[in-house]
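Down below are the structures I want you to see.
In the two complexes that follow, chain A is the common piece, with chain B as its partner first and chain C second.
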Partner chain A sequence: MIKRITFPNFLLNSMFMVYCVLCLIPLFVVLSVSLSDEQSIFQSGYKLLPMKFSLDAYAFILNGNSPILRAYAVTIIVTLVGTVLHLMISSLFAYSLSRKEVKYRNIVSFLVVFCLLFNGGLVPWYILLSKYLHLKDTVFVLFIPYLVSSVNVLIMRNFFTHTIPESIIESARIDGSGEFHTFLKLVLPLSTPVLATIGLFTAVFYWNDWFTAALFIENGKLYTLQFLLQSIMNNIAFLQANSLTAKAALAQPDETARMATCVLSVGPIMLAYPFLQKYFAKGLTLGAVKS
Partner chain B sequence: MMLPGLLYIIVMFYLPMLGVVIAFEQYNPIKGIFKSKWVGFTNFKFLFQSDALFQITFNTIVYNLIFIILGIGLSLVIAILINEIGNRFLAGAYKSILLLPFLLSWVVAEYLLFTFLSMDKGLLNSLLAQFGVEPVQWYSEPFYWWFILPAGYIWKNVGYFSVIFAAGIAGISTEYYEAAKMDGANKFQQAIKITIPMLAPITITLLLLQAGKIFYAAFGDWGMFYNLPKESGVLFSATNVIDTYVYRSLKSMSDFGMSSAVGLYQACVGFILVLVSNFLIRLYDRDSALF
Partner chain C sequence: MNTSKKMKRSLVMLSIGISVALTGCSTPKAEPTASEPAASTGAAQTAQPTAAPLAPVELSYYFPSGPLKDMQTVEDALNKLIKPKINATVKLKSIDWGVYEEKMKVSMASGEPYDLVWTSAGFNNYFQNVANGAYAPLDELIAKYPDLKKGIPDMFWNAVKVKGKVYGVPVFQQSTAGYGYTIQKAVADKYKMDWKSVTKLSDLTPFLETVKKNEPNLIPWEYSQGADPFLTAPPMFGFETLGDAKTPGDLYLKDGGKVVNQYETPEFKAFITMMRDWFNKGYLRKDAATLKETTADRKAGKNALQLGQIDIDSVAFAAAGMDATGRMSGPNPATQSYDFQFVKPLLTTDKAAATMTAISANSPNKERAMMLLNLLNTDKEIYNTLIWGVEGKHYKKVAENRIETMKDGGYQLLSPWEFGNMSLTYLFEGDPKGNDAKYTQMWVDLNKNAQPSNALGFVFDFTPVKAEKANVDAAIDELYYAIASGSVDPEKYLPQFLDKLKKAGSDKIIAEKQKQLDAWKSTK
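Right, the complex of A and B next:
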């Protein structure tokens, strides 16, 4: 079907194109600064296109013992472990809340909903994690606080109640399958849409989390990418930690190295996004539209 | 199967709720919650005497009002307009580009913004220089931030809201539009008379969610207020909100009792806001209200 290009449609399209460009330009500028020569930035400021192309910044921040590689490793581990554990605990929890024969499930459901309406606030939470659970300055604090989210549990519970047919679970039970076995072999494979979307959002959350590290992490070896990025913004010295002489420090790219770190930290999301964006859109609607 | 999740929410969400007693203590990190000195309402007395309280409350409420009205309104318009684009490929492309900023962290956004607003190197100042305007010190004039922060919020969230609205529009039966066309309604009338009323339930859910976020200390989306202005003290009159205030007083002063009192105050303000918005929604449509 070929549609005629009408004037209002043309206007609409150009409007959206302008808006999209506005959305993307900032990212593009950061990329182009990171690819510029430090001297040219120093002389003429940030530009839309690199005046003098150079990969120095990347060579500098990716050299052997740079803090960025370490932060990358920490972030990847936290994201992976956190997401997997989050999915495991939340789906088990949500599944048991969705089964009608579970005792007290209404009370527990209420407990979950109530978390959405009230919480103790930042300070008691901080004290609990640092003083009573002794998680401060450990890698665990980076994922343990977010292993269950009430919203995700509610979304999963709705999914399980509405899309997993009761009869499948009953027939499995007649065939002698235990509860846990049924969950693993029947329910989970049928729930890939909800697991995929919640998994994606959790992974992005862990990847982008700067706040937990800012509160609990003092040991430079446990910095996450986002927290490192935040520290660099305030203090470029982080990148220069391994420079020995002041003279070498002068020659090092500052501004461009900053921006290159930023590019590297967004990189994985940007690369994965085209493949994942369908799931993101689905996941959003899964969460927002009441069923 | 419920056990891990249940234990988790009790420890992580319900124990901190008991921790609000810290607000009434002169908390001593060594003695812990149970042995610290009980001081009654002293913390609150100090809080209500400080000048900061009015400012942070005012900023929190005004910004959230701007965000909710502007953010949701604009997303609704964008969702309707995208739906009008005949070309499905283009419409999909716009949606994915608009959604992209939603996946970036506020720390990254800080970098993006800095490339525009930096005093000596920023794009905006060099653009102004072309017109012979003096460079502006964006990071030291609070007034501008009343526009920059909402712009940041819109940049990040409009894609997310409009994807949700677009899903809602897709769910509206085409018969309504056909009937309207028969009656001679134009596109604009259709949007006003059909699309917007049909989207009311989603809009209300989003409104309540956003209102609820205000008292979501630590877990709400306040990274923007903390990161975008780069911690510039001069800007506090326009950028300090309850969350950043609590976080700063915890990080820098380590006055647990005091910041806990602010947290409790925030929970109360937030609760009142949810009650008010719920009341307004009840006036409009009883069924959509929370309670």
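Right, the complex of A and C next:
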């Protein structure tokens, strides 16, 4: 098929091209500022290309007083382990809720919805995790509390009930497949869209989560990347505002460091995005269409 | 075959997952039960020869600080020094500045046991936490350590008392609030300005005029919401604040008994009239009213003159034979300045309680925690190890009492004012040079000789007027900065502003302040 360039087509395309450039400019500015010399920023403002090239901001963040490489490792491990476990546990849970044979499934479903609407609040949550589960200051606190999320379970349950035909499961049973086998061999492979979607949600959540670390982690070796970067930023701001702070020690980049932090924190997860996008695009909508 | 392999793999994954989850629950649980009792019996035996053997304990110490790579080394070095003295070790729990307040709130609400905690009048609110019963009363414990007590003037102890009891040890640091202005050295020298002759803010007008005329690249006067003269430096206008600077209800310095609405005073009127004049003549940035902070301008050296909290000014430093030039923009060494103080230092409650250490009401080791506090307040080596780290690794000694920090050492606390008694500290690059022995003495004397505020020790409790405060704050945020930066005509907007405040309940707040102040005075 030969595509002719028609005027409306051209208009539409160029419109989206302009839009695309508009979306990319801020990213380039962030990158360029992070690579600029601090003084030149203050003198002449943000520029699309660095006025004076400098890696000071990165040097400050990477070599300074903060254990950043370790934080990277912690975050990557937490994201990987957390996402895999989350998918495993949530899908098992959601699948059992989607099967009509399961006794009391309505009650359990109700409990899931209940948890969606109400929660105990911050302090009880803190007490539970630190006092009774003794998870405080361990790497486990970073992913165990989030292994099941009501929303994701409901999305998955919906997906299983609406897109996996009952007859497939029946046919598997006739062929002698056990429940677990059916789930692994038939249901999961058919559910890649929802798994990819939820997987991406969860991975981004784990990657971006700084609050858990803020509350529970006191050992500097277990800081996550986002928390560490956030606290570097906080500290620049807090200490610069304080007149009694050790001033000479504070001769550190501020604006450029902020941008470098941004680049460092979004980098890896942004690279993962394109690979998952093809699932993502059809993921949720697929579940929403009822046949 | 292929299928069963896959099946096996997923089973393995599942079991790994479950075992990870299980170990997560079990390992930390084992820790406290296993280590503590065993260690205590063992060490108690070795410590027997001394008169009163102390069982070894571990003290946890919460304080806000940035991430520090090499915390462990410092903790070990510190414990090596502390252990022989009080048979205790300390666990340094540094919490990020941004979450410290919330984290401590949750931690206290959950009743977690810990020992020492950094607190202050404004952040991780000392007075509020005392009211909630979070801290232990310390009078009896403090009485056992006369050196610690003596190191801090009585004025400070009185300021942090709540219902007659002390619940925290103030960190002795530069606590007074003298105010003045800062001028770029290059500018002052170039136009031969008589920068020492200033006695009030309006005396600066001719300087600003000179800058405006001759230096088109400079902003003559820095103004931002964070550096509003009237709110930042009330003593400059003859006031001191009660509660916070914004809400209506101040005291005149010369008359400490009557609460007045500072926005209705002739002093405020004069201030905004002057600011209007300055703004019209272009001494301020055009967007001054909405400017939150000016770090960027400062770093670029764009401000010619600015307001400053100045405790020891260039004149005093010069008289003591020290480096007399300040730094206009903090970290930026290129812009040197002269600082001049024309409002004498005043010690107010929030300055005295600006940084303190408290002992938790839940602490199982209150006495030992006090011993550690005593060491931090009296032992130079222990104090400096905590502040600066280990010699040769985190800092170099360059003189008897002066060090140079090592930027890549992995330990830079940046906030030495959180701990112990700051008169013990080594001087470092940021401190004025020229007379090391005298510098510390200078600010210690300043604290000792400061004029105590009329309401030193008084803390306003906002609870009865919570709703009014919220309304008044909203009214202030809406109009105040436009008026105070001179961006709008005061003749027209001041009456409007005052009217809004009245409607929002300013009178009720002032009456409440007066009531509480009178009650506080009668108990003194």
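The definition used in the following text is that the second predicted complex is superposed on the first by the 193 of 291 C-alpha atoms of A that agree within 3 Å, B and C clash if a C-alpha of one lies under 4 Å from a C-alpha of the other, contacts with A are read in each partner's own complex, and residues count from 1 in each chain.
To be clear about the criterion, contacts are C-beta pairs under 8 Å (C-beta built on N, C-alpha and C of every residue); 3 or more make two chains touch, one makes a residue touch a chain.
Not measured: the values here are computed from a predicted model.
Enquirer: With the two complexes superposed on chain A, say which partner A:Y126 touches: chain B (first), chain C (second), both, or neither.
Expert: Touch status of A:Y126: both partners.
Enquirer: For A:Y72 in the superposed arrangement: first (chain B), second (chain C), both or neither?
Expert: Touch partners of A:Y72: none, neither chain B nor chain C.
Enquirer: Would you check which partner chain A:K185 touches, where first means chain B only, second means chain C only, and both and neither mean what they say?
Expert: The second partner, chain C, only.
Enquirer: Have a look and say if chain B or chain C is in touch with more residues of chain A.
Expert: The partner with more contacted residues on chain A is B.
Enquirer: Looking at A:F160 after the superposition, I want to know if it touches chain B, chain C, both of them or none. Which is it: first, second, both, neither?
Expert: After superposition on chain A, A:F160 lies in contact with neither partner.
Enquirer: Tell me the contact category for A:H134 with respect to chain B and chain C: first, second, both or neither.
Expert: Second partner only.
Enquirer: Using the touch definition from the top, say if A:L97 reaches chain B (first), chain C (second), both or neither.
Expert: Once the two structures are laid over each other on A, A:L97 reaches chain B alone.
Enquirer: In the superposed arrangement, does A:N9 touch chain B (first), chain C (second), both or neither?
Expert: first
Enquirer: Touch test for A:Y58: chain B only (first), chain C only (second), both, or neither?
Expert: Touch partners of A:Y58: none, neither chain B nor chain C.
Enquirer: Which partner does A:E218 contact after superposing on A: first (chain B), second (chain C), both, neither?
Expert: A:E218 contacts chain C only, not chain B.
Enquirer: What residues on chain A does chain C touch that chain B touches too?
Expert: Dual-contact residues (chain A): 41, 89, 122-123, 126-127, 131, 147, 211, 214-215, 227, 230, 233-234, 255.
Enquirer: Considering only the defined contacts, which chain A positions touch chain C in the complex?
Expert: Per the touch definition, chain A meets chain C at residues 38-39, 41-43, 63-67, 81, 84-85, 88-89, 122-123, 126-127, 130-131, 133-138, 140, 144, 147, 181, 184-185, 211, 214-215, 218, 220, 223, 227-228, 230-235, 238-252, 254-255.
Enquirer: Quick check on the complex: what are the chain B residues that touch chain A?
Expert: For this pair, the touching residues of chain B are 1-2, 4-6, 8-20, 22, 27, 29, 32-33, 81-82, 84-87, 90, 93-101, 103-108, 110-116, 118, 120-123, 125-126, 155, 159-160, 163-164, 167-168, 171, 201-202, 205-206, 212, 216-219, 223, 227, 230-231, 243, 246-247, 250-251, 256, 259-260, 263-264, 266-267, 271, 274.
Enquirer: Taking the touch rule as given, give the residues of chain C at its contact with chain A in the complex, in rising order.
Expert: By the definition above, chain C touches chain A via 3, 6-7, 10, 13-14, 17, 20-21, 23-25, 27-29, 65-72, 93-99, 102-103, 106-107, 109-112, 173-174, 226, 293, 295-297, 299-300, 302, 309, 327, 330-333, 405, 407-417, 428-430.
Enquirer: State the interface residues of chain A toward chain B in the complex, per the touch definition above.
Expert: 3, 9, 12-13, 15-16, 19-20, 22-24, 26-27, 29-30, 33, 41, 44-48, 89-90, 92-97, 102, 108, 111-112, 115-128, 131-132, 145, 147-148, 150, 153, 179-180, 183, 204, 207-211, 214-215, 226-227, 229-230, 233-234, 255, 258-259, 262, 265-266, 269, 273-274, 277, 280-281, 284-285, 288-290
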